[in-house]
Structures are given as structure tokens and as C-alpha cells.
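Before anything else, here is the set of structures, which you'll find just below.
Paired with subunit B in one complex and with subunit C in the other, subunit A is shared by the two complexes that follow.
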Partner chain A sequence: MERIRRNPTPPPLAERLSFWGFVIAGLVVSVIFLMPVVWSLANSFKPAAEALAHPAALFSKSFSLENYRRLEGVGAGWVVYATNSVLIALGTVVLTILVSVPAGYGFSKFRFPGQSLLFVIVMATMMIPFQSILTPLFLILKFLRLQNSLTGLVLIYVTFQLPFSIFMMRNAFDAVPRALIEAARIDGASQATILRRIMLPIALPGVATVAMFAFLNSWNEFLAALIFLSDQNKFTLPIMLVNVSSGIYGIIDWGALQAGIAVTMLPCILLFLALQRYYVRGLTAGAVK
Partner chain B sequence: MAKLELRDVVKSYGIYEAVRGIDLEIEDKEFVVFVGPSGCGKSTTLRMIAGLEHVTAGEIVIGGQVVNRLGPGKRDIAMVFQNYALYPHMSVRENISFCLEQQRLPKAEIDTRIARAAETLHIEELLDRRPGQLSGGQRQRVAMGRAIVRNPKVFLFDEPLSNLDAKLRVQMRTEIKRLHQILPTTTVYVTHDQVEAMTMADRVVVMKDGLIEQVGRPQELYHRPASRFVAGFIGSPSMNFLDGRLEQGAEGLGVRLADGTRLAVPPARAAAYAAGAGQPVVLGIRPEALSIRNDRPGFSPLDAAVDLVEPLGPSTMVYFTHGGASLCASIDPEAAPQAGRMLPLSVNMNQMHLFDAVTGRALAQAG
Partner chain C sequence: MAFPTSPAPVAVAQGATPTKPRPPAQPAEPKGWLGLVFMAPSLVFITGLFLIPLGMTLWMSLHNWPLLGRVKFTGLANYAELAHDMQLWHSLGFTLLYTVLVTTAIMAVALPLALLVDRPLRLAGLFRTIYFMPVVIGFGAASTLWMWLLNPDSGVFAQLLRGAGLVDSAPRPLESFWPALGVIILMVVWKTAGFTMVILLTGLQAIPADVIEAAKIDGASVFSRFRRITLPLMRNSLLLALVLNVTSSMLAFDQFFIITQGGPANSTISAVFSIYLASFSSYRLGYGAAMSFVLLVVLVAISSVQLAFLRQRPEES
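Right after this comes the complex of A and B.
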């Protein structure tokens, strides 16, 4: 099969122009989107005096970790809050995946009585506004002795994450054709092998999407964290940010706030970049074919 | 290498019987094609042989062993699916080796087997690609590679060519036959395309409504269809059917059509049909048995009002009506008439078929 072209003819001018037009438009849009991120990061490394300097310079010659050190002084210190946030986010991600993957598999590949009704009920919970059930949630957590605890908060986040996640996973498994499973059975694979080697790899974009949303939503969530956590040591990053910005004596420490924002934002960006390949495929799975 | 037996196999979904009792013995190394209209239970039968569907009643025997209770992986069969069912996240090599890994074969053995299968199917260059990077025909080859690499007792094919375009289909058809000659293995092949059935099969099984209508070699089905259904299903363009009555008159046995035309049954065949005299029948005539008017022995005249003429090259199809029925004749292009004309034709009654008007069974096996 010697069909590889060695000297491809250059594409026509119009095609090249539209390619470069596309590149330039892409660059402009990226700059618009990247600017606030870069700005926050740059500001977080400026010494306090320069942060408010006028005219504002994007980058300063004096690099300083002062803002981060001052963030240490806020409440229990940013490391504690970041750790709490990480624990909650990871807990939410793991639990959400552990429940939604088998649930989605069940809804997708098995038929049982009451299936559609059950699915509709699960989906319908998405329509309940969170604020409207704050009081009952609080009472339930209190009854379970889980108020003011990270575990309690994780359970709440997982509950609210599940309808979407189950829906995603059902779609992801629906996209795996039945014939593939049958082919694997004929090939002599066991149920466990089929799930591990055939189903999960194909449904992986779905899993990544579910993980990503669970992470972002629990990482950024503010209201529930504010209401259900009362202990200074259990606060999460969003609550810390509010504490920083409301200032200690009414004076807002902009430098520390920028540092806090940088700390909060970075994991989201990294995760998004790491998973985006899967994530886009996960959202469009089942759209074609 | 095994004989495959179906013993009165039944499959029901709730109260609906998709397969209503199939009895069949398939010899070792035989290539059997199941053919029939959509929904007649071909795939269901094949899937029961594969172990993908439970058998409601009856027995499936592979190589002398009843396999009803064995899972698909334990039956030592290989199946090629209509849409190939290749694992999209694995390379071609991994697709082919997957079943060998499940059998825990040593790595060296797996490698030699893959190399041999790839060579047989000319897919050596494709081994490191993903299925998504292959054309339809290439995927088809890979799917066959996955089947042959394990050296199964039985090959099962479920309409493997129906996703390919017409030209590739013909090419892959010969490919599969060639493969069967190199690696003679008991094969069950399902299709609804009677041309595939005729060209590939050692024996054809014609199914209808969950039952076997007739089993036989392709030529047998063509020349001696057991029923009107088989006669109409096998052969392209399909057989013409005319309602009539079998009559014993002064000139001997003949078929009187609804419009009064009488077609004489040749003396050589009269004895076989004499018992049915007086009964309403359906006369079956293949397009090839119609020709321009002549008076050779055994030919009977029939007048045709030509509707449409279709030149195919070696022959010309003439679509015409006679006594309200639409018919088709395959005639010599030299004699092709124009549409709208009357055309005097002759029926070669040596090749006609007679079916019971009520049951549709053949009245006697045509010679």
C-alpha cells in the first residue's frame, strides 16, 4: 500500500487565507478569555504597594510571594481551606462516579419493571431549586449528626450531582453498541472483563465529563458550604475568598484576594485542560450515529 | 471441525414464536446459507446457535455435544456481525488478539496466529490502525480475521455484506468463498439476498415465518421449488405466477387460465400431474421459460401486451400483462419489441411449475 503522497501540492490561496483568518480570530478570542486569568495571576505576585499602582502595569519587576504569605493569616490559613476544598471535591467526584457508573449501566443495558418511571423521577429532582430545600437538608444533616462536617457536605453535593451524572452515564453506555458486548461474549470474555476492557474504555469520555462537573461544582459551591459549615477550620476556598474580601477592619486586601483567586482557579483550569479531550467527546456522545 | 445439529429448536418471545421448530443437520465443513424475508427468524436461529439467545425448546448440538447450557464463549464458535462489531478503542491487532488472550494462549502463539490470519486476509498493513481508520471492506476483513484466528468449530455470519456497496459485496462474496476453501469449516451464513445464497451455499435453507420452507442445493431449489414461496423467492427476476385450473380434455392434460387460454402440459409430465386434474392451480413460469412464438414440442402460445422493455445486454426483459396479471419475460435482444405492442410468446411448458392454489405446495416435483 504505497499510497502516501510525498509532495503534497500547496493548498490554494483562498484556503490559506481562510486558514490564517481562522488562526487570527482564534488568537483574539483566546486573548480575551485568557486576560482575566493572566491578570489575576500577575497581580497575585506583586508586592502590595504595586497592586494598586496607577497606571496599572500587567507585570511588575519585583516578584513577591507576600500576598500568599498574608493569605496564611486569614482565618486558619489558606492551606487548610485548600485542603478542605480538595477533600470535598475529591470525595464528591469519587462518590458520584461510584454511584452513577453502575446506575447508568443499569438504566442503559438492563430492562426492569418501573424503569422509565424511576429514571424520570431521578431526572425530575434536577428541577428542585436547591434553596427551597435548605431547611429540610439542614434538619436531616443534624439528625445524622453530619452538620458542620465535610462528609455531610460531600453527601449533599453528590446528591445534587447524581441526576445529571446518571443521565450522562446512561448516554455513555447507550453509545456502546450491543453487538460489541455480544462479540466480546463470543470471544470468551467474562462479565468483569467486558466491563473493564470494553464498556469502560468506550464510556470513558462520559466518566471524565461526570468527574469534571462533580469537581467544578463542588469546588466552586458557596451557599451550602456557607450554611452547613460553621467551624472556621472546615471552611472551603470560596468562603475564604469572601472572608478576605470583606476585610478584617473593613479594608479589603486586594493583593491577598488576588492570591486567593489564583489558588482557587488554578486546579479548575488544570483539570479542564487535562480532561478537555474526553469532556467534549462525552458531551456529544450519542449525538451522532 | 464439527457437525452442527438443530433438533426441533423453538424460540419464543413471550407468546410470540419467532422460531417455530427447526430441524436441521449441517455436515462438517459444509457451507449452509439461511435465506428468507425480513423477520422470518434467520438471525434469531443464528443467535441461538451462537448462544446469544436462550433456546426455548429443542437442542443445539455442536460436534456431538449439546450446547444449550453453554455460554457463547464456551461453544467454540466465531461470529461475524452485520456492522462488524469491532472494538473501536483497540487497534486491529488487539481486536484480533482479544479472543486469544481470553484463552490465555502464550504470547508467541498469539503472534504467529495473528500473522497467519493477517496474511490470509491481506490485512498486514492495517494491524496497527484503529477500526475508525478503515474502509468498510477493510473492517469486514478484520472482522473475518477475528473469526478465523481462533480456529473455531463453526463460523456464523449474520448478513455480513449488507453494509457494503454492490461492487464490494460481490468481491467480498468471492473472498468468503475462497476463505472457506482454504479453511474448510462448518459455516452458517444468514442473508436475505437470494443471489448471495445461490452463489455461496453448499446447501440453502429457505425460511418463512419461523419455519424451514425448503432445504436443498442451490440448483435443486431453483429447478424443484417445494412451494410457491420458494419458487418466488429464488431466482431473479422472480418467477411469474398465473391462476388457472388443471383440466383433462380431449387434447390431454392442460392448464386453463382465467382468460380462457389453454396451455398444454407436455405428455412427458402429464402422468405426474394427472391426479390433480380439475383442481385450481397456480402456474409458475420463470422469465427464461418464455420466448418468442415457436412451435417446438412442449411450447404453448401466450399473447403478451407489452408494457415496458428493459435491455440488459445479453438478454432483454419484457414486462407485459396477460389476462390482468403482470408478467416478465427474458427474451433474445434481437427480437425485442416496442412498448405498447402485442407480442406473440411461447411458454416452455417443460419448465413450468404447478402449485396447489390453496396450500401453495408444489403439485409434483418438476423434472
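Right after this comes the complex of A and C.
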């Protein structure tokens, strides 16, 4: 008789154990992944003496912006480098969108002989790493008088953003129902109007993904910036970081370095937290199939 | 490494099969060639800053090409020199060693993480976000951040190890080869494991729940379920993760340039680092181009082999 009574039975022990195991393991790993960033941020606000004595402490007795002020004295000052990075990232984002949206539209909605070959060539750019064509790119930029210029760097970043972006936009436009376009055409809408009024609103999430990848990749890029920029006033944030980390007369200003790291990584982290779903969508674009 | 976290190769995996049946030409579309107008700007970029430089790499590699001064055609002389360049072979060997070790380490961390967070819970979503966060930090910032963590004077690791009484004097991992390689691998795993985790997660989530349920009812143990069902069914995303990790590791540069600076005793100079030194430190552009071309052939070969595996459907193999 006991067994018939409908007591709300608690979940079996094994299930509860497995849940708490998951929570504890997850938290431990979270701490491991978070701590390097947290330590760095905490130390960027510590006075030098305290950072040296207690680097692992999360809270310091005195809060100080002295590291950020000292970073202003590095080379041309961090504000100049941050401005360069912002200009390059925004330039890359805008130009990548302006070029890849029409191209994605073209590959999605038009058919002509040789089109698929063209698409293969565009996609091949992804197979071949830009590191292997750096040497001629250097000469081409010199020929165009764009060496040591932010514009030249933007053009290179856009080129290597294009295959992924065109692929993304083509898929986005593929998702627009054909009936909708037909209806607009019958109503007398021009190509440009169809693209702007009907296609773009539907393809907008794809544009967000493209923009986010263009921003992060150009903001974080190191090798091309190292090679193509030679003037101290043109450097970007990653180049500034390396200059600080190589020290002056063998002495590294760790405090200024922490401040620089914070300035460089925080925009990326905040952007990721705000627009996470667009980022993950882009990552899984190819993996789901 | 410029675009290490870029999803570009992800898309390649799919974009490389553009011959897949696309919807047939739309009969209602009046002017197919109009599409070229929309594509034109992108074709200008890709021709001018990709196809032409690609051809130039081959052309330059056949020349003695100093930055200033006369360019001279030398045929295959650069390639002959490559064959005897011990430093280059050493750097290629080192890059392969690094690729094998770091890819193994990343997979060994990312697969358990993917299994851990593959739950329909809010908390699992939060964990995913946290594990993924270092991926969006650039290699430049991550490398300098780890340089500080590792430094023997004011670094966190040195302080923690000393505080725990594990060591008497602060360790200096960058002064010998294996410890240096070890800490670089640790940094790269921290920075990129989340990326591989997401790729593997898409594979895991594509496995139908009823298959697992059925195996459970048949009494299959956790391990045999994992080995016989989960692993084979997520084969494609495993292979994809492998391709992406191998290609990006073969192109590693930032972390070796920044953290180890190629040392100790030039033992951590990667392949891209050698190209950088030849072209932009010695300004031997022709020789650098020849090295680039060799690296390009190696990489394309690796990705083609892996993609060929990838394109096979499990049922065909």
C-alpha cells in the first residue's frame, strides 16, 4: 500500500549528484578562464608598489589611475593608438559591409555562366592564408603609396574579411522568399529599391555578424600592422602593447602594460557580451550542416 | 596570426562545395549579368589584393629581390637555398611539433568542456559565455597578458607558487625550450579552447536525443554510449575542429614573436616568423616569397586532405 501513495518523489540521488557535479566543475573551470582577465584588470588600478608586492590580490587598498596616466607617456600616447585602432576597425567594418552586401546579393539572386567558378575563386581566398602573400602585398602598398598608412591596412583587412562576409550575406539573401521579390517587382520597384527596402531588413542579422567579425579581426590583428606601419604615430593598440612589453632599457613598466591590455581587450569583451548571438551564429554558419 | 579566430575556414568547409545543387536559375530574373555589377567591387579587392599578390609570390620567389637595388632573375636559386637552410627546416619542424601538441591539448580540453555545457540550462549558457570570452581577446593582448602572469618578479604565477611553498625561487619558464613551449601551449589553450568547444557543441546538439535514449534503454553504459554513438555521430564537427586548429597553429606567429621572441636560442621561431625575418628583417623579399610559397603548398595540402575527409558523409565510410 505504501507504494501506491503518490508522494512527490525527490529526484534520485544519482541525478542530484550529477547536477551538483556539473555546477561545481563548471564553476571551477569558470574561475580558471576568468582569472587572467580579472587579475589584469585589478592590477591596472593598483599603484606600482602594491602591484609589485601583491600581484594576485583582487582588491587593493588604494585605487589609482596612475597606470593609465603613465600609458599616456608611452610613445605618442595611448589615446593616439586607440584612435588609430578605432579608425581602422570602423573603416574595415564600413567598407566590408559596403562591398560584401551587394556581392552577396549578386551571388544569391542572379545567375550567369561562370558564376559558380567565380564563387569558388572568392572562397579560395579563405584557403590561402594572408601570411603567405605578405611580401608582395608590401610591394603593392608601396606601389600605391599606401605603405605606412591606415588606409592601406584597411584595404588589406577588408580583402581578407570578404570571403567569409560574402558567404554570410549570400546565405542571408538566400533566405529571402522569392515571392516577396516578385511582388515588389510587379509593383514597379527598381533593383536598388528591392535591395534596400525588402532584402536588407531581412538580411540585417547577417550584416550584424559580418560587422562584428570585421571589427574584432581588424581590432586584434597584429602581424600586418607590425609590418605595414612604421611611423610611431600610426601604430595600433596591439603594436603599442608589444612596444610597452619589450621595455625601455630592459625595464618593463608592468602597470602601464596592464592599463594598455585593459584598453585593448575591454571593447572586444563588451562587444561580445552585447552581441553574442550574432558571433556564435557566424561561427556555426558552416558547422551545422 | 592575423585571423586566428576568424570563422573563415568554417565557412570553407561548406563553401568549398559550391557545386551543391543550388536553386535553378530564376526564370523571372530578367538580367542575370546585372549580378556582375553587384559583385564588381568585391572582385576588384580580391583581384588586386589577393590574386595578383598570389601570382607575385611565385614570380618574386624566382628572383633575387632586395628592398632597394636591382632585382635579378635567379631561377630556382632561392629554392635550392631553402633546401639547405637549417634554420628554416628547424622552424618548420618546430611549427609541426607545436601544431601537434597544441591541437591535442585544445581537443583534450574542449571536448570535455563541450560535454559539460551541453545541457538545456541557463547556467550552462553562462558557462559557455565565460569559456568563450578569451576567444575575442586578440593574440596581442593575450600574449602580453600572459607575459605578465609568467614574469618571475611581479607575476601572479610566481607569487602563487611561492606562497603555496611549492618553489623557493620564482620559476623562469622562458629560459629553456620545453617550459617555454609549455606555457605558450597553456596560453593558447586558455585563449582558444572555447572556440573549439562551440564547434564541437554544434556537433553534439545535432545528435538526435532518441538515439541516445534508445541506447540507454538497451543498457549501454555511459562510456560505450560515448564511444559508439556520440563520437561517431559528431565526426564531422570533430574533423572540422581539427582542420581549423591545425591550420591556425601552422600559421602561429604573435605568441612566439611577443612572449618568447623566438628564444631561447632561436628554438621557438615558427614558420611565419621565419618568413617575417627573411622578408622584413633581412629584406630578402625573393627568398621570403619562396618560403611563403612552400608554406602555402604545405597548408593547402593539409587542408585539402582534411576537407576530403570532411566531405565524406559518415554513411559512405
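Quick note on the criterion: the second predicted complex is superposed on the first by the 222 of 289 C-alpha atoms of A that agree within 3 Å, B and C clash if a C-alpha of one lies under 4 Å from a C-alpha of the other, contacts with A are read in each partner's own complex, and residues count from 1 in each chain.
Criterion: a contact is a pair of C-beta atoms (placed from the backbone, for glycine too) under 8 Å apart; a residue touches a chain by one contact, two chains touch by 3 or more.
Please read all numbers here as calculations on a predicted model, not as lab measurements.
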First (subunit B), second (subunit C), both or neither touched by A:E182: both
Partner chain in contact with A:I202 - subunit B first, subunit C second, else both or neither: first
Subunit B versus subunit C as contact partner of A:T193, first or second or both or neither: first
Between subunit B and subunit C, more extensive residue contact with subunit A: C
First (subunit B), second (subunit C), both or neither touched by A:F173: neither
Which of subunit B and subunit C A:L137 touches, first, second, both or neither: second
Subunit A positions touched by subunit B in one structure and by subunit C in the second: 182, 185
Interface residues, subunit A side, partner subunit B - complex: 1, 177, 179-180, 182-189, 193, 197-198, 201-202
Residues of subunit B defined as touching subunit A within the complex: 50-52, 71-74, 77-79, 81-83, 85-89, 98-99, 102-103, 125, 146, 150
Contact footprint of subunit A on subunit C as seen in their complex: 1-3, 5-16, 18-19, 22, 25-26, 28-29, 31-39, 41-43, 45-46, 48-54, 56-57, 60, 113, 116-117, 119, 123-124, 127, 129-134, 136-142, 144-149, 151, 153-156, 159-160, 163, 190, 194-195, 198-199, 202-203, 206, 237, 240, 247, 251, 253-254, 257-258, 272, 275-276, 279-280, 285, 288-289, 292-293, 295-296, 299-300, 303
Parts of subunit A lying in touch with subunit C, wherever the complex brings them together: 22-23, 25-26, 29-30, 32-34, 36-37, 39-40, 43, 51-52, 54-56, 98-100, 102-103, 105-107, 109-112, 115-116, 118-123, 125-140, 155-156, 158-160, 162-164, 166-168, 178, 182, 185, 191, 213, 216-217, 219-224, 226-227, 237-239, 241-242, 244-245, 252, 254, 257-258, 260-261, 264-265, 268-269, 271-273, 276, 279-280, 282-289
